[in-house]
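Written below as structure tokens is the structure these notes are about.
Lettered A, B, C and D in written order, each chain numbered from 1.
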Amino acid sequence: MNMKVNLAGVELNNPVMTASGTFGSGEEYSEFVDLNRLGAVVTKGVASIPWTGNPTPRIAETYGGMINAIGLQNPGMDIFIERDLPFLKKYDTKIIVNVCGKTTEDYIEVVERLSHEPVDMLEINISCPNVKEGGIAFGQDPKAVEAITKEVKKYAKQPVIMKLSPNVTDITVMAKAAEAGGADVLSMINTLTGMKIDVNRRAFAVANKTGGLSGPAIKPIAVRMVYQAACAVRIPIIGMGGIMTAEDALEFILAGATAVSVGTANFVNPYATTEIIAGMKDYMVKYQIEDINELIGAVR
Amino acid sequence: MNMKVNLAGVELNNPVMTASGTFGSGEEYSEFVDLNRLGAVVTKGVASIPWTGNPTPRIAETYGGMINAIGLQNPGMDIFIERDLPFLKKYDTKIIVNVCGKTTEDYIEVVERLSHEPVDMLEINISCPNVKEGGIAFGQDPKAVEAITKEVKKYAKQPVIMKLSPNVTDITVMAKAAEAGGADVLSMINTLTGMKIDVNRRAFAVANKTGGLSGPAIKPIAVRMVYQAACAVRIPIIGMGGIMTAEDALEFILAGATAVSVGTANFVNPYATTEIIAGMKDYMVKYQIEDINELIGAVR
Amino acid sequence: MGKIKITTTVLSQDRLADGVYSMWIDAKEITDQAKPGQFISVYTGDSSKLLPRPISICETNQNKGHLRIVYRIAGEGTEEFSHYKAGDQVIIMGPLGNGFPLEAGASGKKALLIGGGIGIPPMLELAKNLSGTKQMVLGYRDELFLNEEFLPYGDTFLATESGSAGTRGNVMDAIREHGLQSDVIFACGPTPMLKSIRAYALENQIECYLSMEEKMACGIGACLACVCKSSEKDEHSMVHNKRVCKDGPVFKAKEVEF
Amino acid sequence: MGKIKITTTVLSQDRLADGVYSMWIDAKEITDQAKPGQFISVYTGDSSKLLPRPISICETNQNKGHLRIVYRIAGEGTEEFSHYKAGDQVIIMGPLGNGFPLEAGASGKKALLIGGGIGIPPMLELAKNLSGTKQMVLGYRDELFLNEEFLPYGDTFLATESGSAGTRGNVMDAIREHGLQSDVIFACGPTPMLKSIRAYALENQIECYLSMEEKMACGIGACLACVCKSSEKDEHSMVHNKRVCKDGPVFKAKEVEF
């Protein structure tokens, strides 16, 4: 049985990776799962300098989901490279660094700095709903998507994944813009902008007022967007948004994703990633699928 | 204690109404709830002629929600006026007719025909994700939103509610366009476009491939949009999307909605609407709120 | 009274065959009004699942107000139901749908009751309530269930795909093998079975009623999720789309199109 | 071993006061490693609620591998927990967080253990495990709970807002009333209480440890949801944001800012 998939020349042992920001840099979850068994670890967003993030409360639970407004707190690229990267290098898994920034220059600074580091791919987050500048502002305008992709590609030594925002009228426009800019891979979806009000305290549940909605609640929107994008572009897609089970992961693959990321599910079940890999194998045995690649985009 | 709210001159006994398409024309649910107790009944979409709708399966369950692709099956305005309207007139509740069409002319035909009928308000559905023409196509372009609002307003004798689509990058742009076109009230949100794939049958779960996602899963997105729109326009807003409980309804009101619609919850609990009204009263008693209007947009 | 949604008590749960369960529920409010061929909506206790599961009424004990459903584990909802034990709570709504027209199989009429797989349960309440002569044809993949409970009501013929009991093949094969004749047919089962019964009945001009299945949301006729193509205009929208939950689930064979 | 998530069994459930419950859970994998001041994540059985509820370890029986939590009904999750009966399943993860530094209250030291409301439970396991001299100050709104269980470990002073028992007022009022002196303070309770204890300790230069609270998602330090402002740079991001779930919940008073 073959579980290996190929993302722009990078071969993953299996299609299951972690979703940025939900798995730290892998260390905390390594108490629960063997990182060697993951297709890739995608890190929390890394900026050129340390970011403080938003005030608390930063999260709120919603029906079948959660809202977060962490605001991309991170130690910056220097500490990431000194501390987290060596930790990850100990494992036989691919390393994908999620990159965030406020300006194009910020992104390029990180991309350049990482170009000589043992990082397999870069995921450019142009879709964070929780920061005032950068983030989502880039991800909602096709011209900006294309421009930033082009810039990043100029400096990147590793394949570039552009992470798209679902908070747009037409995801195919953004997917095509990233492709036109030279993106090697797309990942989607980042969180949907949401809000929760605590009716008893009569106040916003997260200090930032709005936050990003994730979890199984959003899966149907994510699957739809992956399907639409897969029909619109030729580059591979990493699908995510609410994956809790092997069936959920397979839904994204059947819709056209080459790989998948598991995010919020880690909070519900720290063993989620490896259980999903096991469940996908069971499915392949049950339906006599020799190669996972047969399933990519198989429902049309 | 005052539960009455005012929508463009129409006074509702309380802010709780039904969401179009989830309550038929009230008859089926009248076995469970006393329609006299509802602020208003909003009918299923009515077109100028009968519409057949989409092939089955038309619905699929999702985590905390459901996808529907009914495709606006309806008997057309003549039968509606002959049969459903007299039924609704027997009750002491406001009647809001949801209007659908494929072209501007279609909408106008229904609006004109209803202008002399005992209908309290018209809700113009420019946001249905399940029909090829009309529907969402209008609702995703601010120029089209403004233009169709203007046209409808020319012929409407009743106040006009424009029902907005959440499948847009910026809801405030659409809200302002409707306001500029002369809308009296806004209602939001219609369903989010979603997809479900049955991994065992390896096929789309609804025949139409995509459908509209509704239910508690989408509530945080809906609350956020109501909040954003309420900050952007002066006209009142009817909030909906995943309301299951009195607390949910109050969340929308605190975010800026003057009234709320209950949709998918009816399928989960046919008594939902009246239970929500009772729960809102309990809340007002508990927190000594004399007038529900005090709560509208109270969290900022 | 009319339809009602209640939280009530499971009286017993039994496993009839691999993945097939029988549950008795305390539901006087529903049995008082229920007719053969009607169904109930069963709600799961899992709040991530919003929609009710439509399950046919298999039997009622009107005196005691007890209602029986027999169901197959088809997914997470029915899996959950199968774990309920006597004394547990269950949330149901009903009675829903139209039911079979008993007059069509009244005294003097010879009725053929055909059930396929998990379409067999509703035929039991029908068999108990039809006053005419009855013959039953029950089709299974392999393992039998409920068949012995039909014996008091008339001759019961079996068909199994595996050939382990009765005619090897489907219900139509059993009908042919035994040369069964009738004035009226009542049937419930998988779509391919209903299709061939429909063709057989139309060809032989036998009055025929089919119980249909479709995905549902409201279960009471309001949402228009569960329509099937009909030759007549439907009462609701007049577009040849009858609602399985309200206009059905039982339709005249010539009325529906597949 | 390390942290673990397990589905295990409720051993007993008791109501201690209005809305306050005590639950013993079978959890040897966790008690083997647990320290006073650590907490566990308790998951609800309701699939619409994804996130775990952090609850302090109130007591452990290391021999038997039993773990006790005492909690107040604050919303739907804790409401659900309160309905669990002996024999029911409960899903927990732990042990989480750093716990109180026992050496700070070792033999020869005089420790003041201050608990406010639902911050009282973790002080019990601490009282049992500190080798130094202990005095307890427990603050309540009105109804008492757990207070008698502290008696074996030292003098226990009460404060109630209603004045129904002990000092009328809060824990600081009780400390002043009794002129309590100490080398080290350990405290857990509502933020305003922690704020005034912090001010008191800094002013009087008493070593002081506070157990903090914040909304959590992962519970293990990965998501950065649960940070509190710290005077030192935090280990993770070096931005003065310590993680309550991993760097805490126990912090030196001078280390945290409110």
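Here are some notes:
Note that in this section contacts are C-beta pairs under 8 Å (C-beta built on N, C-alpha and C of every residue); 3 or more make two chains touch, one makes a residue touch a chain.
Keep in mind that this is a model prediction, so the values were computed, not measured.
The set of chains in contact with chain A as well as chain C comprises B, D.
Relative to chain B, the most remote chain by averaged C-alpha coordinates is D.
Averaged Cα coordinates give chain C a centre that lies 56 Å from the centre of chain D. Between chain B and chain C, the centres computed from C-alpha atoms are 35 Å apart. With centres set at the average Cα position, the gap from chain B to chain D is 47 Å. Taken residue by residue, chain D touches two or more other chains at 47-48, whereas all remaining positions touch fewer.
Multi-chain contact residues of chain A, defined as those touching 2 or more other chains: 63-65, 216.
Partner chain C is touched in their complex by these residues of chain D: 46-48. Against chain C, the residues of chain B that register as touching in their complex are 21-24, 28-29, 31-32, 44, 50-53, 56-61, 63-66, 68, 70, 73-76, 79, 215-216, 264, 266-271. Considering their complex, residues 62-65, 67, 140, 167-170, 192-197, 199, 202-204, 209-210, 213, 216-221, 223-224, 227, 242, 244, 247, 250-251, 254-255, 283, 298-299 of chain A touch chain B.
Of all residues in chain C, only 2-3, 5, 43, 47-52, 93, 214-228, 236-241, 246 touch chain B in the complex they form.
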